[in-house]
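So, here's a batch of structures to check.
Okay, so subunit A shows up in both of these, paired with subunit B first and subunit C after.
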Partner chain A sequence: MKELSLNILDIAENSVKAGASLTQILIDETDNRLVLSIVDDGCGMSPEIVRSVIDPFYTTRTTRKVGMGVPLLKLACEQTGGSLAIESVTADQNPEKHGTKVTATFFTDHIDFTPLGDVVSSIVTLIQGHPDTDFLFRHTRGENRAELDTREIRQVLEDVPLSSYEVISWIESYLREQYDDFS
Partner chain B sequence: MTVEGLLEHGFSPVAMPDGSRTIDGVYIGDLLSWVMGRAQMDNAWITIMSNNNVIAVASLADTSCVILAEGVELSQDLKDLAMAKDINVLSSPKSAYEIAVTLSGLLA
Partner chain C sequence: MKTLAELQAIKNRMKDKVILRDGLEGTRVVVGMATCGIAAGARPVLNALVQGVNEQGLGDKVSVTQTGCIGICQFEPVVEVFEAGKEKTTYVKMTAEKAQRVIEEHLKGGKVVTEYTIGAAQA
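For the complex of A and B:
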């Protein structure tokens, strides 16, 4: 993918499909290193499934025989000298605390580093497409920070759906304003 | 033009499970997610990438073959994977541009 923001969308969609009530999208940049973590409290995967999602010929979809989300993210980070790790706990293993964490580490000064792209659009798309599940987004770069937690917005809004036009527009401008201060 | 027909024009076989497939166009690209949505069925796909995702993208897009440019090689594991997934792979020492020029003449 030309931008990491598209990879983020792809991986976070998997979390929603896994039945997550909260999906965290965390980007942490320090010096020449960018760590992207997508953490959910969904149904989790057995070690066998974790191994197979890295395989491009594996997919949970029945319409085609190839699932490329995780393999392409793995390729994108390994091209920069980084790596991808997946940790997962199934609901059977631990009914209280289950879910999946995908961590991709990139070296941003490598020539093959894919630019982050329009993360705000990805986050807005996710919220709009899944207004009944929660997302926590946090991007830190040194002293800079952009953050959004739909649980907080939901509390304030009470019954107004997150996918309503006014709310989505507000979320988008709220995030973009925070990025205006990024250096 | 068939995939095995290319062997007479300076291309080397890397894995050829189905040399009788027809080539009716060419696609060039290395960004796999981009290629995935754009390469057409029965295209010869020219790339310098060589990892297992290449085999997966060729399978998804149903290209007639992958042509590895500039002498790029596949590991034995990937040759075996290509055979198992029914993906033809050829190689050439030439650049993607030179390969495309050759194919342009052959497909005319």
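For the complex of A and C:
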């Protein structure tokens, strides 16, 4: 992937497919460290599935159950000296609190750090494609912060779909404005 | 500054539109947005289509949606156009610029841009 924001888009799609009602996309930058977390309340994965999504060659699968998305993210963080972790709880294990958390840590001063790229575009794309699920996005870099919670937007819009062009355009400008203050 | 009050205004404007749209048998434009599509550049293609369709005033007739892997990863980014009573059109190796031409000539003008289709790519 040319930009980390594309990995974010790709991994967050997994959360939506897992039936998440809320997917959180959190980016925290402190000094030379960037931590990306994608946290959902979807169906979760068994430990065996978790192993197989990290390494696509772990199992001789007959059906194509997992893809290259997670391995590509793992590569992107490990090539900076960072690491990837997945925690997951299935609905069977805990009907009250289940879901998956993918955490990738990057060292931004490493020469092989992939630039974050256009994160706003990825968030907008996610909302456009999945207007019926909620996303919480928060990016902090030192004192700077950009944030969006579709639950708040939904409350204002009532039955107007979040994928409406006017709404999507508003969300994009709203986020881009917040990045204007980023240093 | 963008405010939630603006969003409220959008909501009030959209209310009637939503009802209008329900009864229409429109054109569906579908963009493959799996890992293969995203890696090949589907995000700017999708955004160009969403923006172009709406800015050209086609928003009521054409919907732009996303799907997973279509199964022809080597041809990504792939865009499929479904029109009532017509055969599906599959555009391959798309870019934001090609998307503009598809909006102009196909979605607006009704003429398939043959050179971008999978048929032309395989010939």
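Things to note:
Please note the rule applied: the second predicted complex is superposed on the first by the 173 of 183 C-alpha atoms of A that agree within 3 Å, B and C clash if a C-alpha of one lies under 4 Å from a C-alpha of the other, contacts with A are read in each partner's own complex, and residues count from 1 in each chain.
Throughout what follows, a contact is a pair of C-beta atoms (placed from the backbone, for glycine too) under 8 Å apart; a residue touches a chain by one contact, two chains touch by 3 or more.
Keep in mind that this is a model prediction, so the values were computed, not measured.
Using the contact criterion defined above for the overlaid structures, shared-chain residue A:Trp170 touches subunit C, although it does not reach subunit B.
Judged by the touch definition given at the top, the superposed model places A:Gln128 against subunit C, while subunit B stays out of reach.
By the document's definition of touching, both partners, subunit B and subunit C, reach A:Met1. With both structures placed on the common chain, the touch criterion links A:Glu143 to neither subunit B nor subunit C.
After overlaying the two complexes on the shared chain, residue contacts for A:Val156 are found with subunit C alone; subunit B is out of touch. Judged by the touch definition given at the top, the superposed model places A:Met68 against both subunit B and subunit C. When the shared chain is aligned, subunit C comes close enough to touch A:Glu13, but subunit B does not. Set against each other, subunit B and subunit C differ in how many residues of subunit A they touch, and the higher count belongs to C. Common to the subunit B and subunit C contact sets on subunit A are residues 1, 6, 68, 72.
Every residue of subunit A that touches subunit C in the complex is listed here, in rising order: 1, 6, 9-10, 13, 17, 67-69, 72, 121-122, 124-125, 128-129, 152-153, 156-161, 164-168, 170, 173-174, 177.
Against subunit A, the residues of subunit B that register as touching in their complex are 31-34, 36, 51-53, 55-57, 59-60, 85. Of all the residues in subunit A, the ones that touch subunit B in their complex are 1-2, 6, 55-57, 64-66, 68, 71-72, 75. Taken in their complex, subunit C has these residues touching subunit A: 1-2, 4, 6-8, 10-11, 13-15, 17-18, 33-35, 38-39, 43-44, 46-47, 50-51, 54, 59, 64-66, 68-69.
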